[in-house]
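In this document, chain identifiers A, B, C and D correspond to the written order of the chains, with residue numbering beginning at 1 in each.
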Amino acid sequence: MAVRAAVAGASGYAGGEVLRLLAGHPEVEIGALTANASAGQRLGAVQPHLVPLADRVLAETSAEVLAGHDVVFLALPHGQSAAVAEQLGQDVLVVDMGADFRLKDAADWERFYGSPHAGTWPYGLPELPGGRAALEGTKRIAVPGCYPTAVSLALAPAYAAALAEPEAVIVAASGTSGAGKAPKPHLLGSEVMGSMSPYGVGGGHRHTPEMIQNLSAAAGTRVGVSFTPTLAPMPRGILATCTAKAAPGVTAADVRAAYEKAYADEPFVHLLPEGQWSATASVYGSNAVHLQVALDPDAHRVIAISAIDNLTKGTAGGAVQSMNIALGLPETTGLNTIGVAP
Amino acid sequence: MAVRAAVAGASGYAGGEVLRLLAGHPEVEIGALTANASAGQRLGAVQPHLVPLADRVLAETSAEVLAGHDVVFLALPHGQSAAVAEQLGQDVLVVDMGADFRLKDAADWERFYGSPHAGTWPYGLPELPGGRAALEGTKRIAVPGCYPTAVSLALAPAYAAALAEPEAVIVAASGTSGAGKAPKPHLLGSEVMGSMSPYGVGGGHRHTPEMIQNLSAAAGTRVGVSFTPTLAPMPRGILATCTAKAAPGVTAADVRAAYEKAYADEPFVHLLPEGQWSATASVYGSNAVHLQVALDPDAHRVIAISAIDNLTKGTAGGAVQSMNIALGLPETTGLNTIGVAP
Amino acid sequence: MAVRAAVAGASGYAGGEVLRLLAGHPEVEIGALTANASAGQRLGAVQPHLVPLADRVLAETSAEVLAGHDVVFLALPHGQSAAVAEQLGQDVLVVDMGADFRLKDAADWERFYGSPHAGTWPYGLPELPGGRAALEGTKRIAVPGCYPTAVSLALAPAYAAALAEPEAVIVAASGTSGAGKAPKPHLLGSEVMGSMSPYGVGGGHRHTPEMIQNLSAAAGTRVGVSFTPTLAPMPRGILATCTAKAAPGVTAADVRAAYEKAYADEPFVHLLPEGQWSATASVYGSNAVHLQVALDPDAHRVIAISAIDNLTKGTAGGAVQSMNIALGLPETTGLNTIGVAP
Amino acid sequence: MAVRAAVAGASGYAGGEVLRLLAGHPEVEIGALTANASAGQRLGAVQPHLVPLADRVLAETSAEVLAGHDVVFLALPHGQSAAVAEQLGQDVLVVDMGADFRLKDAADWERFYGSPHAGTWPYGLPELPGGRAALEGTKRIAVPGCYPTAVSLALAPAYAAALAEPEAVIVAASGTSGAGKAPKPHLLGSEVMGSMSPYGVGGGHRHTPEMIQNLSAAAGTRVGVSFTPTLAPMPRGILATCTAKAAPGVTAADVRAAYEKAYADEPFVHLLPEGQWSATASVYGSNAVHLQVALDPDAHRVIAISAIDNLTKGTAGGAVQSMNIALGLPETTGLNTIGVAP
């Protein structure tokens, strides 16, 4: 019997991507689709790439419309998920693709989001130590942020194996879809094509505390993070360049071995052969993480570089992967590791 | 029992795309992969997006290596397919993604390709009148060119219904993957980003006689074509703007009705609702054709605009679709109509 | 003594481009800069590329602020120029980069813009027959639309020499800056990168009557135009592919000769050597028009393809060129024909 | 009397850019243009954007052709400049845009380039401490690498003021023109559009020792550098994100003050107002450096981010700026700080 899934926020980029994946998921039947400003429109008018769902009409987001499904994906502005989730009941699997339930520390939440903390849900990054167990059978999933997904998978093995000092320096480039579909002047095609630009510099990005949370858990001690996100002239993709001083005596072979061991059995993490580096084009539309790691012999730093699709593994693909685990389905169902390239 | 498929020319863009599709095809098992300059390399080194096949090693293209498969896809430079096909025998389904067997007229071939004509195979565009029947049970398929796919599907209904005069004016924009993976200065990223440029202007493009062949068949009379291809700053996609003087008395309603009728049951041709126009982003990586048509009331011209992914519906997706028909499989097996967007 | 110039609408793309050019114009001193929503801001906050003017503060647009200049450039939404121009007096040179005064036919204006016609000013395309004379000493200039600039220069010589039949078919690709800086969802970088899409299809684009006006004047008879604009994934540039049935007996040599003669002395129109085609990258940021023309021997059509920078020659460069003529300065002052490439 | 300038390597990107600038330089007359593979061709065939020079013919590179000029710009593959320079004599100003004479340490050269060290010339980065004096009256100039230009200007003030610890972590994104015009598969438009990818990771990039040289000179002690370059989907531009642990007790005000002081009188370094960050689009085609700096309060790191045009300030503009100093011309002659945006 099919799993019935609803999507709240189906007109945006995260909502569109989860629908793209669910439409190809053999165990899922797509139910209600809701939106706010676009309610009443055909889905085809706002998501023309989703041909099989083109004639579906977007409903206003409400608990009534979302009721009666086995799974509800929330792609809502932050701060709105808690109210909706409460009305859905404890027997419905609620997968929140927003930020509301990612952070464990209420003070972090309040500092970075400026509103009361709604709580903490099981965290949807199964590749982290203990990550998979936390998701089995759960009815609530907080899907990680796109940058924290790329960064945590890049550096967790180094910290879990005590290979790096607890101060990470991270510079990541993201495609523009990470900034969403609400039109803003700096996101216009005229502005972003041909341009690289940083934003949220100096500790201000909301994804920083989430990275610190994940890396500290892997390290067993607090890891400081200097994170600089940049906007890149491409629609999708994150390339995260993550470095940290290597612990004394650590060799390139130690680093390689730790990563090979950490990801030997992971279906979506693709540790590249030595010498080959990640590129976002290779993961376009796929749930794969392309990862490479090296030891800079001069600077004695671990350099781990991951490439993901911010909308797939970084959002909707990660959400479906975690849903699969929560429902007891094979984890890779409806997902793939093949990018659309060139 | 799985269909065993080999791909000759697996290191290029057409070869890579057919592998992307075959890897998700439930009835196909991927066999030999061959190349020329890249023979001996891991597939992952040249097609890093094809993770599940990364450790496959490319063999030198030869009849021996390609033998023993049910289907062989040829993605070879033009002029090379005939020799390979001959050695494969008549019981193997050979799907040629090159130009060698597309044209019926030997003089056309010789004029545009400057070499002797190898012959004509059943033409892999099932949506054309009579197209599907020609493919059932065949052991040889000539996959259409990417531009002729976009153009023929855009204009055939108008000509089949005698709505347009037999002189078509076509301007099409193609992503750069249509020009292949062999490095040439004008295809460098530095040259193509930020630039639109025409090429093969004035009747010189090799796809012109193929369009004339298809449109003339639909019209039942010779259709002249003025075709201007342009290179657009995007990796994939064709947008074909196709116009022709409307026949006297033809109305917008006549035009709409003809296209609705022509494509009512086609699984891959998506005639958009009136007023919504095609965009290549919507078909990225999908086998769909997004099509819109209108009658310009002032110029009294039929304007049909189609968007396809040049590598999917325009090459490898069309190849798999025709293979499905030839093998008696459901036509849509392993293909989808959902693009990767944004 | 320097010419003092003001710019109304300095926060937008046309306003920014005219400032870029005026800042390098040896005879011009930049005076008042005005805006609407951005009034009160530093220019550097909205036009960060204009470093020498970064600390200028944008004033609210008003006749008072614009008074006291020799030249006033208007980069305003259509419909607003007439009121401003009236208040400026007849001794000030007013250069309107909007549409208000381009069309001669009031009925055309009303049909395409839906408001009363404000009048007709001397038309700022000196390369058209008689174009230069109309601008000498004038105090009012209507700067042409970007598409009509590209198209009129591409086809006027063919019509002036009676080489083509009076039905032109034009497909043009424009960079996104042509759509302006007001944020709209379909202009987001995420939407436009990787995508070609048409708009205003079927005679609806407002630039169509302007093309008809120019080409008809060149031909001495009414020329019908089928015009399809498309949005291309690049910030700047127009590539206009313009074709028309050649008159009976016209040869390729006739066509070449007519264009060589028409543009032999034009400083900004660069007729390319035979066989080399226009590309928008070559005119990036320059006032040049790269033009090529051919006769398709099979379709017997004249094919003229022009590339311009829509913001430079297509808007602000054309405006400065016409200002130079009106003021009696050498026409090329402050302008150049060298693009920023690659 | 005009300065006569020749350009060796006029068919490549650096050569084309120096010609673009020299064509607008009021004191320079352009003399011989040479190339290798393109010798004998019209310049317009390989650099179509340089309209005023289109009919110049490229000569074979030789001392004879380059003789008789006041200045010779060399845009040659590394290892070739020394032989040419020797033949030109000591009274000719030779400006080498290649790497041959940048490094002071012969061992560094041999490690990174694998050939004997040719020597060290005055270094063409006048904004560094002592940089301007080293160039006055010189007859030999080593133009810095594009990355070292961006990085050295971003971090030198912090090191000169002893605000940062001597271990810098740098991640930079470059447009593809930085990789040159020789066609290679990974530089194809199909590969680079939509993709961010690192290269030369782990200390291997040849620009690393040059950065160490410059930053160490500023600091008065050896500065270690961890440098990761990435290829971005744009033709031009470098965004360099440069961070280093702040020295104990350093405040945000200390950092701001040091940068304001360092660059108060620099014509090309534009320290942005606090809170506004650099973007490569703003420096497109200009010689400006857009720079911002902050102190991350949590990680206690100095974060300096610079944006330059890799071909202008990063290569040819820097070359012209240094030429101006060497010849006693005003430093900004023929250069500007206005980018072509959007």
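Going forward, a residue touches a chain if its C-beta (ideal position, glycine included) is under 8 Å from a C-beta of that chain, and two chains touch if they have at least 3 such contacts.
To keep track of the chains, here are their UniProt names: A, B, C, D = N-acetyl-gamma-glutamyl-phosphate reductase.
All values derive from a computational prediction rather than experimental measurement.
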Duplicate of the B-C contact set - from A-D, A-B or A-C, the pair where over half of the pairs recur: A-D
Chain whose average C-alpha position is farthest from subunit B's own: D
CA centroid of subunit C to CA centroid of subunit D, Å: 35
Approximate Å spacing (C-alpha centroids) for the pair subunit B, subunit D: 45
For subunit A, residues contacting two or more additional chains: 13, 175, 177, 181, 188, 190-191, 193-194, 233-236, 279, 281-282, 284, 342
Complex interface listing, subunit A residues touching subunit C: 13, 175-177, 179, 181, 183-185, 187-194, 233-235
Contact set on subunit D toward subunit C in their complex: 13, 16, 20, 23-24, 42, 44-45, 47-52, 54, 177, 181, 193-194, 235-236, 270, 272-273, 276, 279, 281-286, 288, 290, 336-342
Complex contacts: residues of subunit B adjacent to subunit C: 167, 169, 171, 173, 175, 188, 190-191, 193-199, 201-203, 208, 224-226, 228, 230, 232-237, 239, 241, 243, 245, 277-282, 284, 292, 294-299, 301, 303, 305, 307, 342
